[in-house]
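Letters A, B, C, D and E mark the chains in the order given here, with residues in each chain numbered from 1 onward.
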Amino acid sequence: MKIKRLQILFISILLLGYPLLVGFSSYFIYVAGLFIIYAIMAMSLNLLTGFGGQISIGHAAFLAIGAYTTAILTLKLGLPFWLNLPLSGVITAIVGFLIGLPAVRLSGHFLAIATLAFGLAIPEIMLKWEGLTGGFAGLFIEKPSLFSSDTSFYYFTTVIALIITWLILNLLKGNFGRAFVAIRESEIAAEAMGVNVSLYKTLMFSISAFFTGIAGSLYAYFVGFISPHDFNMNISLIVLAMIVLGGLASITGSILGAFILTIIPQVADRFPGFTITITGAALILTILFLPNGLISLFNYKWKRKKTENKQLSLEG
Amino acid sequence: MLLELKKVTVSFGGLTAVNNLDLQVDEGMIFAIIGPNGAGKTTILNCISRFYTPCSGQISFKGENLLTKKTHKVLASGISRSFQNVELFSKMTVLDNLLVGLHPSLKSSLLSNAFKTKKNKQEEEAAKEIAFEILELFDLKHHANEEVRNLPFGIQKMIDIGRAIISKPKLLLLDEPVAGMNIEETKKNAELITRLRDEFGITILMIEHDMSLVMNISDRIAVMDFGKKIAEGTVTEVQNNPKVIEAYLGEVQEDVGT
Amino acid sequence: ACGGTNSSTTSTKNAKEKSSVKNSQGVTDDEILIGGWVPQSGPAAQWGILAEVYQSYFNKVNADGGVNGRKLKYIAIDDEYQPSKTVAAAKKLVEQEKVFAILGTTGTAHNKAVKPYLTQKGIPVVAVASGDSAFVKPAVKNYFALQTNYDIEARIFSTYANKELKAKSVGIFYQNDDYGIVYRDAAVEELNKLGIKVAAQESYNPTDVDFSAQALSMKKASPDVVFLFASPKPAASFLKEFDKIGGSAERMLTYTSADSTMIDLAGADVMEGVLSTTWVKSLKDKDNPLIKEYVDQISKDIPKQDPNSVFMRSAWAYAQVLVEGLKRSGDNLTWENFIKQMETLKDWDGSLAYNVTYTSDYRYGQTSVKISQFKGGELVDISDVIKYEP
Amino acid sequence: MAGQIIIGGLAAGSLYALAALGLILIFKTSDIVNFAQGEMAMLITFISFTFLTVTKLPYFVSFLLSLVIAFIFGMAVERIFMRPVQKAPILNQIILTFGLYMVFRGVAGIIWGYTPVGFPEALPNKHFNYVGITITINQIFIFVVTTILMLGFYLFFKHTKIGLAMRASSQNIATAKLMGIGVSSVFTRTWGISAILGGIAGILIAPVTFLDPNMMGEVGIKAFAAAILGGFTSLPGAIVGGLLIGVFEGLIAGYVSSELKSVFVFALIILVLYVKPTGILGEKITKKV
Amino acid sequence: MLELKQISAFYGNIQALDRISIQIPEGSIVTLLGANGAGKSSTLKVISQLLPIKSGTMVYKNEDISNLEPNEIVKRRIIHCPENRQVFPKLTVEENLIIGSYLRRDKDQIKKDLSDIFSYFPILKERLKQYASTLSGGEQQMLAIGRALMGNPKVLLLDEPSLGLAPIIVNQIFEIIQEINRKGTSILLVEQNANLALRIADYGYILENGRIGLEGRAEFLRNNDEISKYYLGGKSHAANLY
């Protein structure tokens, strides 16, 4: 627990001091902002997949719904951003709940395909629903006047991310988090202990969708332009890769994973043609050498677990 | 009468695992079900804890119809269970395993959990205290923060039982609580089970193949074979029932222990 | 084959103070830095070839001594066809790499995503590799389009179908995205104006592989002419399928697919007689030194690819227009002056582009095409230049 | 029109089913969804293409030669990448295959570029017309190949000890070892065989989708969907799933909306899974407590 | 003929076995006793090579088998029936049994062994086409034992075979063990029910915290006070067995 707090504290100080470090360069701030937004998304996905054991390979769709909600509310209804942000979360959460309903009956790869289906369908629906979403032409969103510069919006994003981190950590430590993990470990035992497994699974989907929706809203403001290109299957898989790379069921791990996979393409983009090769190779090497994710580098306790884990999986 | 099964029948495809079974368990009893492998004992337990729904028959608990209850509502109504082949949350700590057992009694809302309100903190503290009481009772305090998968099987079985009783149920269902334990540990568990009944007032319905446990602590025993009850009574009645000897106990070996 | 390693744009070594004006970013005494993004991975990686051609063209220019003594240096960034990465790429090019101008960038949505930012910065953006009207209508000070506008091409299609093919009805097969929809809308509008019936509108998603349903519906509608507003793969698949089930109509392809790739994909039989437009010159005129220069340089730098590719010819044209602007700017390499000099292009002919014109409120570049046709496994021009004034 | 749409759908569906076979094979033996399956198929198709065009070998020779390479390639992938993480959590292994997917695609792009090229069909391009419905020899050929492969592997899993051993290995590696099963070599060979299946799929699909590094993108997703719809462990399920998706997709494109056909397909899948959570031919195996 | 010399083994950095030496002479029944977590199962895992040997050697019929793969061990017909059943849940009863004979080629003998197993455990014959995961606990245990027997063992390593079995079956299991032992199979038996184990065993080892605490002939161990107090529940225990 203490180590985790220190890690988070360290990360927050770094994030807040960052604009100074890079001399307020709008490029560096932009990339950092993307990282923070993906970190929120990765944490939410980790809540669902790493902690709750419910795999989702369509999470970009939630990001899309959050982003489009914000854009549409801003452009069509002219709502202010302090309303848009939470509303985007809520609306995405409602969709998450609806997705959670059929998902409750599915597990493992069957759940994966259901979420994949969702992930593929949403961008196509957004395309088709041109009147509302602008189709492929996309939508422009202006940053809220209160945080109109890149730097101020970056700070706003950081603060929101820290709050979300705090909320997720609290959730995980309490009764709800325990129930989520219990479901992952044994649905049968969880049910016997009075956990309403179906309800909690939908709840997990909703919570995860809620935070991802917020991330989507921040994304819309931060990038300033959204179109269905931004929410394809690859994004979903990359975010899944983030949590595996960082370490399943680890919040710090999600942040690390988001960091690595946001930065790598930025570094690799100077070797045109090699971006995906480099990203893929980084993914492969990390999993080969750190099968339990980057977090295992930082956490002594994990090192022991790793070897035990090995033995355990021997026993099936 | 605490628990009553009337004409319960369970079948899987063509196979009738439990056949027209009647069973009554009075409050404060240690009630054992024994019988050959595949006789349908675990199936009965699964019906009571609502993992299965019988094809026909009734099950009532404290006069209430259990069959209308969903699985996750069973614990709140006062029935808790352990599992034949321990079914723990293996990557959670011992403490967290126990705390999940308190799930239905923790009332904080999602929001107060997320924002860690004072009420939520207090509730968590109280829950931990209860968990530590249980750990104390089982002498497992030093394992509190270990992940259960790293613990020996015997200890896991204890945690399984601990998780089942932390919510102070009226009725505890135990499926082979001492399987895989040696004689010493079996004795310890026998004491524990008796204490649960005596000190906590928990009625116990257990399945066990270890006769040293069953015959020592049971108040009443039902014997099942092929899904049917073939005998019921006190220890001595059952022990001397030729049908039971033939189907289950076998001839007592004369030279045992000499 | 492309992309410099690092650029020290602030290099001030023996500044000769050639002129009194202070040059804009990305210019030193011996170097001009140009940048752009192209997807080199992801669904649109096919466009990645553009960056290699730009580099190839710059190689040639540099070998000939550069532009007024300055060598050209090109930085390509892979944006993986994701608008959010395009934004990062644009910021990186403008603020970190400090390039002088942005050249030949891909993706309609992607270019749109960064247009406000680039407009605000005022950096010259030359030859956006998209024919969308958003970059020319209205004219934006720092944007110079080049290739024939999609909207215009669709109208040329319609007029041609009307006049030359005497079409009574037209069927449209289009890609369901920003590319295909622009065409469709313009074509439908123009056809209606001309009183031609739109018999069918069949769309597909860019990743689709099975087009049998669309081919069938098209055949059922039996139009006189079918317009294909599609990229090469789907266009080829559709044409094959349409041919297989016995569909017959005149077929017209956009310039994006107008090269020998189509023959390779769909087969010469299927392509026989298919019409197309081209906005860049064909390579037929082998003796033309400019064409020869192109073929030689490309064959040297990108030996694996067929120089005939319409993508590659286009890219050469993009780069050439930029360099023309740079040449005309002389030693006064400010954004202001570059833009002014670009506006002096009047019906300018490059090696492959022709009739390129810019004024302060006209940024279309080229609005003319030739009609060409697949004949005996080759694409041959069958009309003179058709110009359309927007 | 409906008749032709159904034929078209069946043709597309057999491509999906064909691409799904290798996926299922690996899943059946190791519980891993191999995201790189399609990309492996693509690489092998490129290799076959190189034999065809550079060394100018006849079609079936280059076909067979590339399958030999496929077998070695598949085994190498297992040895080099999958073996070391055999004991890591399944999700990590799956993400590793996603990494492989990126690298394979990227490398293919670097070597062969992204410009699509045509690929020859297996048989001469003839087609039949019958009551206004057109079907090509190659479509029939693909359907037949898929069915034969499916049946072959179905019988193999059902009735041979090695097939049984492969299923056992997926359920409990340690205990499988106690049976004397050389689990490692079972896995290695499985990857080899599924690379062969991938190669066959790639080479037969390439004439339809054309050859480029992205050729298996859409087909791969539909193959995954087909496999899941069929039950994922069931080989006949893959064919049922593939054909169903192909036909349904065709009908939607023909009568409802061609842009939303995938949306409808996925809605169908979710619906089917809602009714039968283990897919059409998947068996529900309950865990007993 | 199977001999473990000074074997140590680890789970990660947790030591499970500390220089243990065990001998299983041809045709004998040797039992391994010890408290929970003493290292009994680990010893069996070391023999079947599920747990790698860190130091020490293992010799079978004069051959050093310390560094073989598990399937090589099985090839030598050293068969391990693991703790907690470990049946293949998604294989049928029949398939579970057949997979037990994976390396064997003697078709006729396999058939015969199969019918032997059905005669030991008739219930398995009735459940032939049922998935192993749906069997009752005891049925699974029978299946696991049957599956091990299908390997036609020369050396059989049994880890708590009586777990979850009805008393009548437990007796039967012990008879079966003795019967196959008479037919020439050596047996290493891990049991919680030390009484029974020592009754049929020739020799016994007591493990304590990964080390051999005590060893000796079975009668000797049975009559040892310490042992009988701790593992046999005292002399008087048999009286109140049932």
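Side notes on the structure shown:
Simple rule for what comes next: a contact is a pair of C-beta atoms (placed from the backbone, for glycine too) under 8 Å apart; a residue touches a chain by one contact, two chains touch by 3 or more.
Only a predicted model underlies this, so the values are computations on that prediction, with no experimental measurement involved.
The minimal number of chain-to-chain contact steps leading from chain B to chain C is 2. Chain centres were defined as the mean of their Cα atoms; on that basis the chain farthest from chain E turns out to be C.
Centres computed as Cα averages put chain C at a distance of 75 Å from chain E. Per-chain CA centroids place chain B at a distance of 29 Å from chain E.
One finds 43 Å separating the Cα centroids of chain D and chain E. If each chain is reduced to the centroid of its CA atoms, chain A and chain C end up 37 Å from each other. Looking at chain E, residues 50, 86, 134-136 sit in touch with two or more other chains. Residue numbers of chain D whose C-beta contacts span two or more other chains: 105-106, 109, 171-172, 174-175, 259, 262, 287-289. For chain B, residues that reach two or more other chains under the stated contact definition are 42, 51, 83-85, 87. Residues 161, 164-165, 167-168, 171-172, 174-184, 285-288 of chain D are the ones touching chain E in the complex. Partner chain C is touched in their complex by these residues of chain D: 1, 4-5, 7-9, 11-12, 15, 105-106, 109, 113-118, 127, 129, 134, 136, 208-210, 212-214, 217-219, 246, 249-251, 253-254, 258-259, 262.
Residues 49, 51, 70-76, 80-81, 83, 87-92, 96, 99-101, 103-104, 106, 108, 110, 113-116, 120, 123-124, 127, 147, 149-150, 163, 167 of chain B touch chain A in their complex. Interface residues of chain B facing chain E in the complex, by the touch rule stated above, are 12, 34-39, 41-42, 84-85, 152-155, 176, 179-185, 187, 209, 211-212, 215-216, 239, 247-250, 252-253, 255-258.
Here chain A touches chain D in the complex through residues 49, 55, 102, 105-107, 109-110, 112-114, 116-118, 120-121, 124-125, 127-128, 188, 233, 237, 240-241, 244-245, 248, 273-284, 287-288, 291-293, 309-310, 313-316, going by the rule given at the top.
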